[in-house]
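Below: a set of structures, written as C-alpha cells.
Same chain, two partners: subunit A is paired with subunit B first, then with subunit C.
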Partner chain A sequence: MTVTELIALLPLMILALGATALLLLARGSVGRSWPLVVGALVALCAALSALLLPPCLMEVGGMYAAGPYARFFIALWSLATAATLISSSAYLTRRQLPSGEYTALLLFAAAGMGLLSSAVSLSGIFLALEAFTLVFYVLIAFNKDCPLGAEAGLKYLVPGGVAAGLLAFGMALLYAASGSLQLPAATAALLSGAPMQSVALAGMALLLAAFAFKLSLAPFHFWTPDVYQGAPAPVTGLLASGSKGAVIAALLTLTATLPAAPAIFEPVLITLALLSMVVGTLCALAQSNVKRMLAYSSVVHMGFVLTGLLCWNHTGRTAALFYLVGYSVITLGIFAVITSFSADKEPQQLSDYRGLARRQPLRALALTVLLLALAGLPPTVGFMGKLAIFSAALSAGYPLLAIIGILVSVVSIYFYLQPVIQMYMPSSSSAEAVEGHAGEYTVIALCLVLTLAFGLFPGPLLELIARLTP
Partner chain B sequence: MTGTCPLPLLTLLLTLPVGTAALCLACRHRPAAARSLALAGTLAVLLIAIGCFVLLPAETGWLLRENYRWIPALGIQVSLGIDSLSLLMILLTAFLSVLAIGLSWNEDNRPTAYFALLLLVEAGVLGVFMALDLVLFYISWELMLIPLFFLIGIWGQRGGMAAAMKFFLFSLAGSLLMLLAIISLYVLHGQQSGDYSFALSALQNTVVPTGLEPWLFAAFALAFLIKVPLVPLHSWQADTYSAAPAACSLLLAGVLAKTGIYGLIRFALPLFPDTAQAALPLLAVLSLVSILYGGWIASAQRDLKRLVAYSSLAHLGFILLGLSAWTTTAVEGALLQMVNHGLTTAALFILIALIEKRAGTRQLEELGGLWGRAPKLSAMLLFFSLAALGLPGLNNFVGEILILLGTFSVQPLWAVLAAAGLLLAAIYMLRLLQSVIWGPAQDEKSWSDLVLSEWLLLVPLVLLVLWLGLHPETFLEPLRGSAQQLLNGAAPLSLSGGLP
Partner chain C sequence: MASLLFYLLAATALLATLLCITRRSPVHAVIFLINAFFALALMFYLLGAPLIAAWEVIVYAGAIMVLFLFVIMTLDLSPDSQRPALSRGQWAPVLLLFLLLLVSAGLILTFDPASQASVPLFYASPRSFGAALFDRYGLAVEIVSFQLLFAAVGAYYLGRRRKARQAEESS
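On to the complex of A and B.
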C-alpha cells in the first residue's frame, strides 16, 4: 500500500485506529465520560480530514473510492457518530454502562458506514456492510440488564445473517455472470444483450433483497420495530440515520452504474417503495409506543428515498441524497431528545410524554419541531426534501408514487402529532423529570438549527449534493 | 408605480410579525412586555398597511413588487407583490390582528408563547396575500396553520385538541394535494419551456393537457374551499370555531376564510381558466347549498359561537356565489363582501367573548336580560347583528345587494334562492337577539357594562361598518380593477419585476 493510498484512507484510519486505541486504553470506564469526549474528538478529526484533505486518489485498491462523494459521507457519518457520542454520556452513566467499549464500538461503526458509502466494488460493499452490522449486533444489546435489548439484538442478528447470506450469494452470481467484482463491470452483465444476463438478474434480485432488509423496506421490515424498541435510544438514532444512510449511499453507487433500471426490476422497486409507504404508515398509526412509531416511520421514509433513487436520473438521486441528509439530521435530533428524556427507563409510551412541555419546555419544543419536520411541514428540511423527491418523481413519470406519497403524508401527520399532543396536555405523567445534560442540549440544538436552516436555505446543500452525486 | 418604493415594504410587512414573535419569546418572564410588544408589532403592520392604502394610487396592476433570490437550484424565489385586492386583504388582516391581540390582552396561560403564535399566524396570512411564488405561497399557507393548531389545541376550551386535530387534518389533506398540483405544474412548465420555476407569472403560461387540467384545478380548489369552507367540506368549522380561543375564532372567520377565497381568485381561477369556467356552476350550487344549509342550521344552534360559525358559512357562500356569477357587479360585490364579512364576524366574536366573560356561558337558554344589565353592550350586539343580517345603511347590505343584483342579471333563480338565505339570516340573528338581549335574566348578579378597553376594540369596528355601509366607494373603487382583471382572465402577471 502506497503512501498516497494511506492518505486517501486517512479519515477511515483515524476512526479505526482511534477505536482500537480507546479499546486498549479505556478499561473500567463505567460512569466516566472522558472516553466519549475523546471518541467525539476522534470522529470530528475524521470528519475534518475527510472534508479538508484534497482527494489525491479516486480509488484505493479498486474497492473503495476516495473522491468527494465518499468523503462527504465519511464526514456525515463521523459527525453523526460524534453527535451520538456527545449525547450518550448521561444515558450511559445512569445505566452503569462502560463508556470506553461503547465509544470504540461506535467509532468502528462509523468507520464501517464510511467504508460502505465509499465502496465501488461488490466485495467492498460486503466487507463494509458486515463490518458495521457486526458492531450494531453488539451495540443494540449493549445494555445487558435490559431483556428487550437482548431480544432486539437477536432479532437484528437473525435477519442480518440471512441478509448477509443473500448478499454473498447474489454477489457470487453477479461475479459468475460478469467475471468482475468491480462496479461498472460487475453490473454491466445486467444490461440486455449481455451473456448470462439471467444469472446476473438473479444475483441482483438477491442483492436487492439484502439491501431491502438493511433499509427495512416493506415487506422486509419486520425486525425494525422490535429492534428500535429494544435498542438503547442513542444507538437507535445512529441505526436509523447512519446505518440506513450508508446502505442508501452504496445502493446509489450501484444504481448510478446502470443507465436505466433493468426492465424486470422497475416494477419490483416501485412495489417496494409503494408498500413501504403504505404499510409503514398504516402500522405507525396503530402504535402507542413512540420508538415503534418511529421505526415504522423510518420504513415510510426509506420508501420516499427509494422513490428518488428509482427515478434513475441525476435529479432523482440528488433528491434522494438531500432527503437522506435531512432525514438523518432530524432523526438524530429526535433520538437525542428521547435520550435526554430517559431516566432509568426510556420514555417509550405516549403517556410518558404527557405534560412534558410544562416541565421541559425547550426540549418539548425541539421535539415538536423535529416531529413536524419528519412529517414534512415547512419551513423545515423535511418539506424541502419532499418537494425535491416529488418533483423528481413527477418529472420522471411516476405520478402514482407521488400521489401515494402525498396521501401517506396526510395520514402520517396524525401519528407524528400524537406525542406533541401528549406533551402539551395540561396534566402531567407520573414519570420523574429528567434534567438535561449539556451534551444532549448541544446535539439537540445543532440538529434543530440544521433542520430549520436546511429548510429555509437548502440552496447550498442542494448544490453541493448535486455536484457529488454520480 | 411598480416597485418604486425606496423601502422594501412588503418584506418589512412579512418580517415584522416574525421578528416581533421572536422578541416576544425572548422575554419569557415578562408577559406584560411581551403583550405590549405584540401590540406594537401588529400596530406597526397596520400603520404600514394604512400608509400603503392611502398613498399608493388606486390603479390596476401591481402596486408593489419585490423579488429576491432564494433557492435557485429549485427555481424558487421570494417573489412578493400586491395589487389593490391583496392590499385590502392585508389591511383587513392587520386590523383584525390588532383586535385579536387586544381581545386576548388578559391571557394568563403562557402569554408569551400565545402572543408569539398569534403573530406567526399574522405573518403566515400576510405571506399568503403577498406571495407570487407558489412554493412561498405554500409555505405561508402552512405557516398560518401550524401556530393555529397549537393555539386551538393548547389555549382552546374543552375538546380543543380534538378540534385542532380535525382542523389540521382537514386543512393538510387539501393543502398537500395542492402541493402535488403545484409540483405537477412546475414539472410541466419545466418540460415545456426548459425553465424550472415556481413563479406564478411563469406557471401561468403552462399548457396543461386537457385530461390533467380538471384534476389540478380540483386539487387547488379543494385546498381553498376547505379553508373557506363550503358545504361538503365544512364539518371542521363549527367545532373549531367554538373550541378555539376567542382571538383565534376571530382570525379564523375574519381572515383565514378569506385566504381561501383569495387563493381561488389569485391562483386557481387564473391558472386554469377553462376548467374554472366549467366549474363555476358547480361552485354556485355549492354556494347556494352553503347559504341555505348554513342559515338553516344556524337557526337551530344553542351555542352562540356555533351560531355565528354557521352564519359565517352562509355569508361565505354569498361571497362565492358572487364569484361564480361571473358578472362585474357580482364579482365587485363579492370582493367587497370579503371585507364586510371580516368586520362583522370579527365584531360578533368579540361581543360573544365579552358576553361569555360576564355570563360564563354561551348557551342561548342560559342567557337573557342583557339589556337590563349592560345596555351599551346590548346596543353593540344589536348594531352588529343588524349589520350581519344586512340592514340597509350598514356594510353587509352593500355587498349582498351587489352580489344579488349581479347574480340576478345572469341567473335569476340563483338570486332568488340566495335571497331566501337573507330571510334565514334575519331569523337566526333575531333569535339570537331575542334570547340574549331580551327575556328575563337568569340570575340576579349585576354585570359591568363596556369598559374603556372594550370600547377601544369596538369603536373602530362601528366606524368601519358605517363607513362601508354609507360610502362603500372608498373601498369599492380600488376593487373594480381587480374584478375586471379577474373577469378578463388577463391578470397583470406579465409584469415581471427584475431581480434587485
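On to the complex of A and C.
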C-alpha cells in the first residue's frame, strides 16, 4: 500500500474509520441522536470527497477501481446512508435502541457498498459483498424486542450464506479456467474458443445464481418479503436501495467486460427477468402488508434493471443505472415516510394507513407521489427510468421483455394505489397523529424533490451516467 | 505418482464430505469433516504448499472443528439423539478413510513428489507468503479485518441480553 493508493481510497477510509471512531466514542448511547448526526456528517464528508477530489489512480491493488464510476457510486451510497441516518433518529429513540452501534454499522455498510460498486476483481467483489452483508445481518435484527426482526435476520443469514458459498465456488471455477481474478482477464475464459470454456461457464452460472439471490430475482426471491417485514423500516430502505444497487453496479462491471452475452446465458437471463417481473407483480397483488408488497415490488424492479443489463450495450447499461438511481431515491423516500409514521409499531397493514391523510396530510401526499413514481407515472423519475429501459430493450431486440414490462407496470398501479386509497378514506379511528421530526421531513422532502426533478429534467443525470458507464 | 496420489486424496475428501453431510449425529459429521480437511491438507502439501497444508491442519481441523465440537456439546442434545456408535456400519467408513489418509501420507513421505512441484515461492516459505499477504494483498487483509471487527461488534450486540442493557442504562 502506497500513500497514493490510500489517497485514492480516501472516501472509503473516511467511512470505515468514521464507523470505528463512532464505535469507540458512542458505544451504548441509547436515546441520543448526536451519533446519528455525526455519522451523517461523516457520510456527507465521504460523499463530498468522492465527488470533489480528482482520483489520482485508476485502480488500487488490482482489486478496486478509483475512477469516476466507482466515485459516483461511493457518493450515491454515502448520501443514501446519510439520509437513512438522519431519518432514523426518532425511530431509534422511541424503541430505546443504541444509536452508536447503529450508526457505526450503517457507515461500515456504506463503505462495503462503495467497495462492491468499485470492485474490478472477483476477490474484490467477494470481500466487499461479504463486508456489508455481515453488517446487514445485524442491522436487520437490530430491534431485539421484535421477534419478527430476529426471524428476518435469520432468513437473511441463511440465503446469504448459501449465496456466499455459490459465489466462492463460482469464482474458484472461473479462476481455474482463466488463471486470473482480475476482471477482464477472468471473464475472458467465457468467450467461445477459450480453453476450459465449459468450466468457466459453470462458474459463471454459480456466480449468476449468487447475484440473483442478492438481488432477489425470481425464483431466488423467497427471503425478501419476510426480511422486509421484520427489518426496521429505515434499514429496509437502505437494504432495498443500497445493498441491491451495489450488487447491480458490480454485475454491470462484470457484464461490461464481455462483448455479448454468452449464448447459453441469454435465455437464462431473459427467464430471470421475465419471472421476476411476472411473479413479483402477481405476489404483490395479493399482499395486505405494505412492507411485503414493497418487497415483491422490489423483485419486479430488479427485473426491470436486469432487462436493461440484458441489452448488453451502452444504452441498456445507462438505462439500468439511471433506473437504479431513480429507484433508490424513491425507495429511500418511501421508507423514510414509513419510518416517520411509525409510533411504537410500524404501520404495516393496509388498514393502518386508513385516514392517515387527514391526520398527516403532507406526508400522506409525499407517500402518494412516491408510490405513483414507483408505479412509473409521469412526471416522475420512475416514468423516465422505465421509458429508458423499455426503449433500450426494444432497440436491442427484446420486444417481449418490453411488452411484459409495460403490462406489468400497468397492473402494478393497482397495488401501489391500495395504500393511497386507504390513506384518503375517512377513518373513525381515534389514533393520534405521529409527530414527524425535522430530519424525517428533510429526507422525505429531498427524495420527493429529486424524484420530480429527475423526472422533469432527466437530461443532466442521464448524460452523467452515460459518461460514467463502462 | 503425484497424480495418482492426488486422485486418491480427492476421492477421500469427496467421500468424507459426502458422509459428513449425510450423518444424523452432528459429532459424527464433524469427525468426517476433519477427515476431509486432512485430505485437503495433504493435497496442498502434494502441490508444493507445505505452509498452507500446516494451516489447514492447525486452523481448520484444529481450531474451527474443536469450536464446532464445543458448540455441539453446549447445545446439550438429549441422550437418545447421541447413542454410542459401535455398530460395524458406522465404524467401517471411518476406518476406510483413516487408512486411505495413512497410506497417502506414507506415500507422500516416501516419494516426496512435492519437491518436484514448481510453484511460486510465496506458497512455500512463510517469509515470502507474509510479504505477499501484507504487501500485494494488504488491502484485502484490511477489509477482512474491518469486516471481522464489525461482525464481532454485531455478534456482541445481538448476543447481549436486553436486561443487561437496561441495567447499564439505569446505572
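Miscellaneous remarks
Methods note: the second predicted complex is superposed on the first by the 465 of 470 C-alpha atoms of A that agree within 3 Å, B and C clash if a C-alpha of one lies under 4 Å from a C-alpha of the other, contacts with A are read in each partner's own complex, and residues count from 1 in each chain.
As a working rule, a residue touches a chain if its C-beta (ideal position, glycine included) is under 8 Å from a C-beta of that chain, and two chains touch if they have at least 3 such contacts.
Model, not experiment: these values are computed from the prediction.
In the superposed model, A:Leu275 makes contact with neither subunit B nor subunit C.
Touch criterion met: A:Phe108 reaches subunit C, while subunit B stays clear of it.
Applying the stated contact rule after C-alpha superposition, one finds that A:Met63 touches subunit C and leaves subunit B untouched.
Contact with subunit C, but none with subunit B, is seen for A:Leu127 once the two complexes are overlaid on the shared chain. In the superposition on chain A, contact of A:Val30 is made with subunit C only, not with subunit B.
Once chain A of one complex is fitted onto chain A of the other, the partner contacts of A:Thr20 are limited to subunit C, with no touch recorded for subunit B. Looking at the shared chain after the overlay, A:Ala141 reaches subunit C, while subunit B stays out of its contact range. Residue overlap on subunit A between its contacts with subunit B in one complex and with subunit C in the other: absent.
Of all the residues in subunit C, the ones that touch subunit A in their complex are 135-140, 143-144, 146-147, 149-151, 153-155, 157-158, 162, 165, 168-169. Listed in rising order, the residues of subunit A touching subunit C in the complex are 1, 5, 9, 16, 19-20, 23, 28, 30, 60-61, 63-64, 96, 98, 101, 104-105, 108, 111-112, 115, 123-124, 127-128, 130-131, 134-135, 137-138, 141-142, 144-145, 153.
Of all residues in subunit A, those touching subunit B in their complex are 372, 377-379, 383-384, 387-388, 390-391, 394-395, 399, 402-403, 406-407, 409-410, 413-414, 417, 421, 424-425, 457-459, 462-463, 466. Partner subunit A is touched in their complex by these residues of subunit B: 70-74, 135, 138-139, 142-143, 146, 149-150, 153-154, 161, 165, 168-169, 172-173, 176-177, 179-180, 183-184, 186-187, 190-191.
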